[in-house]
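In the two complexes that follow, subunit A is the common piece, with subunit B as its partner first and subunit C second.
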Partner chain A sequence: MTLDWSVVWQHRDALALGTATTFLLTIATMAIAVPCGIAVAILRLYGWAPARALATGYVELFRNLPLILVVYWAFYVLPILTGLGLSPLATGLAALSLNVTAYNAETFRAGINSIRRGQVEAAMALGMSRAQALRRVVVPQALRRILPVLASTWVSLFKDTSLVSVIAVTELAYVSMQVRAQTFRVLEMLTAMAALYWLLGYPQAKLVDWIQRRFEVHE
Partner chain B sequence: MIAADAAGSAPARAERPKAAGPAVIRYLDVVKRYGAFTALDGVSLDVHAGEVVCLIGPSGSGKSTMLRCTNGLEMLDAGDIEFEGMRLARDERGLRSMRRRMGMVFQNFELFPHLTALQNVAEGPRTVLRMASAEADRRAQAMLVKVGLADKAPNFPSALSGGQQQRVAIARALAMEPDVMLFDEPTSALDPETIGEVLSVMKALAEEGMTMVVVTHEMSFARRVGDWVAVFDAGRIVEEGPPRQIFDAPTTERTRDFLGHLGWTG
Partner chain C sequence: MDFDFTVIADNWRFLAYGVRISVLLSVVSGLTSLVTGLIVALLRLYGPRGVRMVVVLYIDSMRAIPVLVVLVWTFFALPIVTGMTMSPFMAALIGLTVHLAAYAAEIFRAGIESVRAGQTRAALALGMSRAQILRRIVLPQAVVRMLPAFGSLLSVTIKDTAIASVIAVPDLMRQSETVAGQSFQPIEVYTFAMLMYFVMLFPVTRGVDRIYRRIAHLGRS
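What follows is the complex of A and B.
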C-alpha cells in the first residue's frame, strides 16, 4: 500500500477554511451557551414555578437526546417551525447551542448552589437586591468554581462540532471527508484530520488548565 | 420567672444614661418560629442612640435570630420591630433601604473571596450607593485605615488571618455609613490570639458613639463596653439591665446559672 501525503498539502486551503469554521462554531456556540446557560440555571433556581418547570423540561430534553439527532432535527424542523431559510452554519450553531446550553445550565446550577448562603446574606445585608447579589457575589464565584467543567465542555464541543458535518456545514470534518471522497485517500485524510483535531484541541485543554489555576479562589 | 418580669420594667434613668432620646430600634413582642420550634417567644427590647446593647445567653436561646430579624434576614411571625421610628419593611425595596443604614458583621466574616480587601469594602458603596469607583475606593481605603489594615488593601481574604478578615468585614459594613451596627458573634470563629484585635476595633467604634447590638459570648466585652445587657434563654429575655447588675448582682436564677456555667466569677 502506497501512501500519498501530498493530498493533504494540496487541499491545505480548504482544510484551513474548515478549521476556521470549526473554531468559529466552537466560539460562537460557547458565546451563546454561557449566558443562556446562566439564564436557564437562574430560571431553574429562582424563577416562578412555570418558568422553572419550562427550564427544567428544556434541560432534561436536550441533555438526553443524541446531539446528532438534534442536528438533523434542527435541519429539517427549524425551517418549518420558524419559516426561515437558515444556512447550514446557522442551523448547526442553533443545534450545538441548544445542546451545550442545557449542559452549561446544569453546570452553573451546581456552581451557584455550591456558594454558601452566608455570601448572599452578606450581600443583602449591605443593601443589595437579590439580583445584585447574584451578579456581583454569587455568579463570579460560581464561574471560577466551574471553570474546569466549562473547560472540558469546551474541549468536547470543539470535537462535537464535527457532527454538524452531516448537514453540510463546511467545517474541518466535512472538508476532510469531502477531500477523502474526491481523492480516495482515506487513510491520509483521516490521519490528517485526527492530527489536526488533536493538535488544535490539546493546547486548548492546557490553556484552560492554566486559566483555572490563574483564577482559582482560595477560601 | 416573676423576677424576670420585674427586671423587664423601666430602668432608672441613672442606670441607662443614653436612654434619654428616642429608641433607634424597638423590638415589640417579637415572635419567630421555625416549624414547631419557637425561636423567639415575645421579645421586647429598646436600643437607644449611641448605646452598646449586648445580647448574651446560651446557644440556641434566640439571640442571633433576634439580630437577624432586625435587618430582615429572617421574617417575624408576630410582633414588630421599629427602626428609626418606622415599622420594619416587609417588602424587598423597603428592606433594602433599611439595610443600608444597618451594618452587619457575621460570625464567619462572609467576606467575598473573589475580591481583595479593598474591593470587599468598596463593594457596598459602589453597587448599592452607586458611587463612582474612585470615590468608593477612597472611602474603602479610609475604612481600612480605621480598622488598622491599610496595608492589607490589595490582599485577598484567603491571605488574611481570621482577626484581619473580621476587621475587613467591619470596615465593609462601616463603608455604608450605617446608623447602627449589628454584630452576630463576631469573635466566635476566631483563634484566641486574634479575638483581642477585633474587640478593640469594636470598642473604639463604641467610643465614637456608634449604636451597636452585639450578640456575644465575650462576657468581659459585654461587661466593659456594653451599656445594656439582655440575657436570653429559650426565646425570651430573662433579665436585662446595666452590666453591673447582670454580672455582679443578677436578679434571676437563669442568669446566675448561665454565668455560672461560663465560670464567670464577677
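What follows is the complex of A and C.
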C-alpha cells in the first residue's frame, strides 16, 4: 500500500470551495428555516383549524422522512411542480429548508408551550395585553430554552448538508468524492474528507455543549 | 401532468425486497449500536482515566462527522487499510453502528447520571457491589427515563439506513432509485418511497410515545 497524501494539498482550492459551499448551505438553510419555523409554529398554536391541521401534517411528514429521500424527491419533483429549472444548489437548499423548518417549528412550539399558562394569566391580570404578555414574559423565557436546541439543530444541519452531494451540489463531500474518482486516491481523499468535517464540526459540537450548559434552565 | 402508478405494481417485488433490507438493517444496526453504546457509556462513566478520555474523543468525533462520510469511508477506505473486502450491507452495519453507538452512549450516560447519587450511596451502605447497584437500582430506573430518547434514536436509525443507499446497499432508497431510473417515472416512485418510509417511521415515534406514557411512573424516584 503506497499512499500519496500530496493529492490532498494539490486539490486544496477545490476542497476550500467545497467547504465554503457547505457553510453557505448551512447558513442559508438556517436563515430560511428559522423564520419559516416560527411561522409554522405560530400557525400550529394559534391558527384556525384547517391551517393548524396543515401545519401539523407538514411537520409530522417531514420529521418522519429520511432527508436523502427528500433531496431526491425535490430534485425530480420541484422542477415539474414549479416549472422552474432549479440549479442543484437551489434544489438542495429547498430540500434542507423543508426538513429543518419542520424541526424548528417543533422546537419553537415546544419552547412556547414550556412556559406555564399561569404566567400569561398573571401578566394579563397585571394589565398587559396578550401580545405584551407574549413579548415581555413568554418569548424571553422561551428563547433561553430554544437556543440550545437550535444550536444542536445547527450542528445536525451542518452534517446533513453532505447529503445534497447525491444531486451533485459541489459541497465538501461531493468535491472530495470527485477528486477521489479522478485521482483514484481513495484512502487519502476519503480520510481528508472525514478529517475536514471533523476539524470543522468538532468545535461546533463543543460550542453546542457550552451553550447547553450556559442556558440550562433550573426550575 | 399524468401520473401512472402502475410502475409501482410492476416492480412490486423489487421494491418489497428493498423494504425488507431497510427493516433488517434498521433492526440489526439498532441492536448492535445499543449494545456497543452501553459498553461505551460504562467505559466513559467507570473506566480508567485514559480510557475515559479516548471514549469522550470518540463520542464527540461522531457528533462532528456526517453519517454519509462514515459510511463511505467504511465501505471504500477501510478495505484498503485492512485488506479485507466486505459486502455493502456489512459496511453499512459497521458504519451505522460506529456512528449511532456514540449517540446511544450519550443517552445511557444521561440516564444513568439522572439517578440521584444518594441512591447509590444508600445501596453501598447496604453492602451491594457496584455491579449489583447498576443492575438492580440504577439501570431499572434509568432505562424507563431513557425510553423517549431511544425512541427518537430508533427513528434516526431508520432514517440513516436510507443513506446506506449511497454505498449500494439494496434498501428501499436504492431500489427506488433503480426503478425511478429505469422507468423514467421518478415522481411516482419517489412519492411511493416517501409513503413507505412514513409508514415505517410514524408508528415508531407514536408507539414509543404511548408506551412511555404508560410506564413513565416506573422511572420516578
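Just so it is clear, the second predicted complex is superposed on the first by the 187 of 219 C-alpha atoms of A that agree within 3 Å, B and C clash if a C-alpha of one lies under 4 Å from a C-alpha of the other, contacts with A are read in each partner's own complex, and residues count from 1 in each chain.
We take it that contacts are C-beta pairs under 8 Å (C-beta built on N, C-alpha and C of every residue); 3 or more make two chains touch, one makes a residue touch a chain.
All of these numbers come straight from a predicted model, not from anything done at the bench.
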item	value
Broader residue contact with subunit A after superposition on the shared chain, subunit B or subunit C	C
First, second, both or neither for A:60, with subunit B first and subunit C second	second
Partner chain in contact with A:42 - subunit B first, subunit C second, else both or neither	neither
Partner chain(s) touched by A:126 [first = subunit B, second = subunit C, both, neither]	first
Touching partner for A:177 - first (subunit B), second (subunit C), both, neither	second
Touching partner for A:118 - first (subunit B), second (subunit C), both, neither	first
Touching both subunit B and subunit C, residues of subunit A	none
Complex contacts: residues of subunit A adjacent to subunit B	118-119, 121-130, 132, 136-137, 140-141, 144, 217-219
Subunit C partner contacts - residues on subunit A that touch it in the complex	1, 60-61, 63-69, 72-73, 76-77, 80, 155, 159-160, 162-163, 165-166, 173, 177, 180, 186-187, 190-191, 193-194, 197-198, 200-202, 204-206
Interface residues, subunit B side, partner subunit A - complex	71, 73, 92, 96-97, 99-100, 102-104, 106, 108, 110-114, 123-124, 127-128, 156, 158, 169, 172-173, 176
Contacting residues of subunit C [partner subunit A, same complex]	1, 60-61, 63-70, 72-73, 76-77, 80-81, 155, 158-163, 165-166, 173, 176-177, 180, 186-187, 190-191, 193-194, 197-198, 201-202, 205
